[in-house]
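For clarity, chains are labelled A, B, C and D in written order, and residue numbers in each chain start from 1.
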Amino acid sequence: MIPLSWYLLVAAALFSIGLYGVLARRNAVAILMGVELMLNAVNINLVAFWRYGRFPEQPVGLAWAVFVLTVAAAEAAVGLALIISIYRHRDSVVAEEMDTLKN
Amino acid sequence: MIEQIIFIVISLFTLMMGWIVVSNNNLFHAALALMASFLGVAGLYVMLDAGFLAMAQLLVYIGAISILIIFAIMLTRRMMQTEESPFNSQPGLAGITAVSVFAVIAFIFWQMREFWPLGAGEGAMPPADKSIILGSVAKLGEYFVSPDAFVLPFEVASVMLLAALIGSIWVAWPKTEDES
Amino acid sequence: MSFSFLEFLKSLVELTTGTYLRQVWGAKPWVDPTLDAIGVILVATFGLLIVLVLIWLERKVIARFQDRIGPNRVGGKYGLLQPVADALKLLTKEIITPSGADKWAYNLAPFLIVITALMMWAVMPFAPGVVGVDLNVGLFYVLAISSVSVVTVLLAGWGSNNKYALLGAFRAVAQMVSYEVPMILSLLIPIILARSMSSVDIVKAQTVPFAIVVPISALIFFISSLAEMGRTPFDLLEAESEIVAGFHIEYSGMKFAMFMLAEYISALFMSGLFTTVFLGGYRFFGLEMIKTASGFALGNLIGLIAFFVKMFVVFVVLVWIRGTLPRFRIDQMMDFNWKFLVPLSLALILVAALVDKALPVGVNDWTRAGVHLVSNVVVGAVTLEILRRNGRKQRTAHEEVRENADIETAAAH
Amino acid sequence: MISDWRFIAFFVVLAPLFPALPIGINLLLGPRKPNYIKQQIYECGVETVGDTWVQFKVQYYIYALIFVIFDIEAVFLFPIAAAYGQVGLFAVIEIALFIIILTAALAYAWGRGVLEWV
C-alpha cells in the first residue's frame, strides 16, 4: 500500500541528486551522468502518474517515458561526442576550462 | 507491508547509488553506480506495473547508454586522474540549490497532503485488471502508429535519432585533411 | 485435498506438480511465493548442472570431428565423469587477485555474468505449462538481460588491470553490441507473426515452424547469436593467438570457471531460444497435446523430450560449426555485420510487415506461411544477386590492379 | 504489482547464491598464499609497461553509438510488433518510414567510412 507521493518524493530526491551532480562536478562526463539521473527521475514521475491516474488503460505516461528515453539516448550520444571532440582539441574534460567564448 | 519494505529498499538503493554517481572521485566507479541506480529505477518501474519500460530501461540505459559513457571515459584519458577533487569551484552553492529544490517539492507535497496522502497505507495504488496491465504494451504499440495519438512524435523521434547519429559522427570522427 | 505420494509421482511425470501442490495446499498467501522460489531454484540448478553434460558433449563431439577419441579415462570408457573431475580440480585451485586490480569490478564480474546467464532461462518454455514465468514481454526480457551481460564483460576487462584483458573486453563489447542489432531485428519478425512477445505465445503460434516461414530471418538470428555468445567463427573476444585469452585472462580458480560456466549456459540458452522461436519449441506434430483415456496428460512429457532433442541438436550444430570453421578477422566480422546482416534484416522486417498486412484477415496458417516463404526466398535471391555483382566488381578491380603491377614489374625488368 | 514479476524478483534475490556457492567452496578448499610475483599481471613474459588504462580509439565509440540508435528503434518497434494484429494498413507506412529514416542513418555512417575497421 504505497501512496503516490512516495514515488514522487523518491523521484524528487533523485532529481535533486542529479541536479547537484550537474552543478557541482568538474568533469563533463560526470555532468552528463547527472543529467541522466534527472531524466530518470522525470520518467519515474511519468510512470507513477500513469499507474495512479484514472485511466491505466491508456498508457500515455508510458509513451512519454519512452520518448524521454529516446531524448536521453540522443543527448548522451551527442554530448559524449562533443566531449570527445573537445578533449581531442583542447586536451581537457573539465567543464570550467571550456571558456573560449568568455570575454 | 512487504511491498512497502521492498519499495523502501529499492528507493534507498537507487538514491545511494545516485549519490555515489555525483560524489565519487573515480569516474569508472561513478559509471558503475549509475548503472546500479538505473537498475533501481527499473525495479521501481516493475513495482509500478510497467514491466516493458523496466526492460527498456535495462536495454537502453544499462545496455547502451552506460556503455557509451564508459567508452567515452576510455577515450578521454585525462579523466582517469583521481587525485584532484571531483568538484568544481562551487559545490556549496550547488548543494544549497539542490537541497532547496528538494525542499520546495517536499513542501508542496506537505501542502497537498489532503489530495495526495503521505502516510503508509493511505492512497494505495488503484486496482487495475491484470488484462489492462498486460495489454498496456500492445496498447503502447498501437499508440505509436495511431494517427490520433503518437504517430507524429514517433516519426519525429526517428528523425531526431538520425540527426543525433549524424551530429555525433560529424563531431567525434577525426576530420581528414580535405574536410577541415 | 490431502497429499498422496502416488498422485504426487503422477504429477511429476505429467509435469503438473505445481498445479497439484497448489491443490493440496489450498489458497493460502504463502503458496504462490513458495512455488515461485522452488521454481527459481529448479531452473537455476538445471542451468548449472546441465553444463557438466554440455562440456562432456562438446569435448566428445569436437574430438570426433578432429579424429580423436576425446575424454576416455575418468568415469568409464566414455569419460563421463571428466567434467566432474575438471570441476573438482578448479575447486582446489588458488584464487589469485592481480595487483592493482579494481576490487569492485574484478569481484563483481564473475557473479554478474553467471546471474545474467541463469536469469535468461526464466522465460524458456520447456513443455506445455512448464515455464518459469510467462512474461508478456518475454523476448524483450531476454534481450534486456543479455544486454546486461555485455556490461559484465567490460567490468571484467577493466577490473583486471591488464592491457590484454581491457583490449579483449573492448573488442568483445564492440562485437557483442554490433551483433545485438541484427539479433534484435530478426527477433521482431516472429513477434510480428505471432503478435505477441511472450515466448509461450510464440510457441503456440507456430503451427508451421517459423524456420520454414521465414528461413532467412532464422539464419540471421542463428549467426548473430553465435557472435553474441562469442563462439567460433566469432570467437575474437578470446582469440588465444591474438590477445591471449581476452577479458578473463587474469581470473583463476572458480572465478575463471564462472566465465566458462556462463558461456556454456548461454550457448545452450541460445540453442533453446532458437528452438523456441524458430523451430516450434516443444511442439511435435500435435503429440504434445495428447491425453490418455484416463485423463493423464502424457503429451507434456513428449513435449519436454521434443524440446530437449531439438535444443541439443542445435547445440551440436554449434559444436559442428566450431569444429569446421576458422576464425574471422575483426574487420571482416564488423563488415559482415554492419554492411550485410543489418541492412538485410531491416529489409526483411519491411517485407514481413508488408506481406503480413497485405494478406486478408482470417487466411489460414499454411497459406500465410507459404506467402511469407515466397517473399523470403525472393529477398534471398535479390540479396544473392547483389552479392554476386559486388563480388564480381571487386574481383575485376583486384585483377586489374594485379595486371598493372605485373606490367610494371615486367617493364622494370 | 502484478504477480508475474514476483518470479523475476525471486530470481534476482536467489541467483547470486549459485555463483557464490562454488566460489565460497573454492575459497575454503584452495590454498591462499599470495606473493608479489604471483600477483603480477600478465604481459608476454615481460613486466607490464606503463598504465593499463590506455587511451582507445574513437572507433569503439562509433559502434556503440550506432547500437544505441538501433536499440531505441527496438524499444519502439517491439510494442508495435506485439500489437500488429490491431493496427491498420496505415501502420505499415509509418513503420516503413521509421525504418527508412534509420537506414539513412546507417547509410550515412557507411558513406562516411566510419564502419571500416582500421
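As a convention for this text, a residue touches a chain if its C-beta (ideal position, glycine included) is under 8 Å from a C-beta of that chain, and two chains touch if they have at least 3 such contacts.
These numbers were taken from a predicted model, which means no experiment stands behind them.
Two chain pairs, C-D and A-D, are compared here, and C-D has more C-beta pairs in contact (counted per touch definition above). Among the remaining chains, the Cα-based centre furthest from that of chain C is the centre of A. The distance from the centre of chain B to the centre of chain D, with each centre set as the mean of the Cα atoms, comes to 18 Å. We define each chain's centre as the mean of its Cα atoms; on that basis chain A and chain D are separated by 21 Å.
Here the spacing of chain B and chain C, counted between their Cα centres, is 30 Å.
Residue positions of chain C touching 2 or more other chains, listed in rising order: 135-137, 140-141, 143, 147, 158, 170, 173, 177, 180, 197. Residue positions of chain B with contacts to 2 or more other chains are 3, 47, 49, 51-52, 56, 59-60, 63-65, 67-68, 71-72, 74-76, 133-134, 137, 139-140, 144, 157, 161, 164-165, 168-169, 172, 174. In chain D, the residues touching two or more other chains are 4-5, 8, 53-54, 56, 58, 60-61, 64-69, 71-72, 74-76, 78, 81-84, 91, 95, 102, 109. Counting only pairs that meet the touch rule, the chains in contact are A-B, A-D, B-C, B-D, C-D. On the side of chain C, the complex with chain D involves touching residues 32-33, 36-37, 39-41, 43-45, 48, 87, 90-100, 110-111, 114-115, 118-119, 122, 132-137, 139-141, 143, 147, 158, 160-164, 166, 170, 173-174, 177-178, 180-181, 184-185, 188, 191-192, 195-197, 244, 249-250, 253-255, 257-258, 330-331, 334-335, 338-339, 342-343, 346, 349-350, 353-354, 356-357.
Of all residues in chain B, only 3, 6, 46-47, 49, 51-52, 56, 59-60, 63-65, 67-68, 71-72, 74-77, 80, 130, 133-134, 137-142, 144-147, 151, 154-155, 157-159, 161-162, 164-166, 168-169, 172-174 touch chain D in the complex they form.
Residues of chain B touching chain A in their complex: 3-4, 7, 11, 14-15, 18-19, 21-22, 27, 30-31, 34, 37-38, 41, 44-45, 47-50, 52-53, 56-57, 60-61, 64-65, 68-69, 71-73, 75-76, 78-79, 84-91, 93-95, 97-99, 101-102, 105-106, 109, 112-113, 116-126, 128, 132-133, 135-136, 139-140, 143-144, 149-150, 153, 157, 160-161, 163-165, 167-169, 171-172, 174.
Residues 66, 69-70, 73, 76-77, 80-81, 84 of chain A are the ones touching chain D in the complex. Those residues of chain D whose C-beta lies close enough to touch chain B in the complex are 1-2, 4-5, 8-9, 53-58, 60-62, 64-69, 71-76, 78-84, 86-87, 90-91, 94-95, 97-98, 101-102, 104-105, 108-109, 112, 114.
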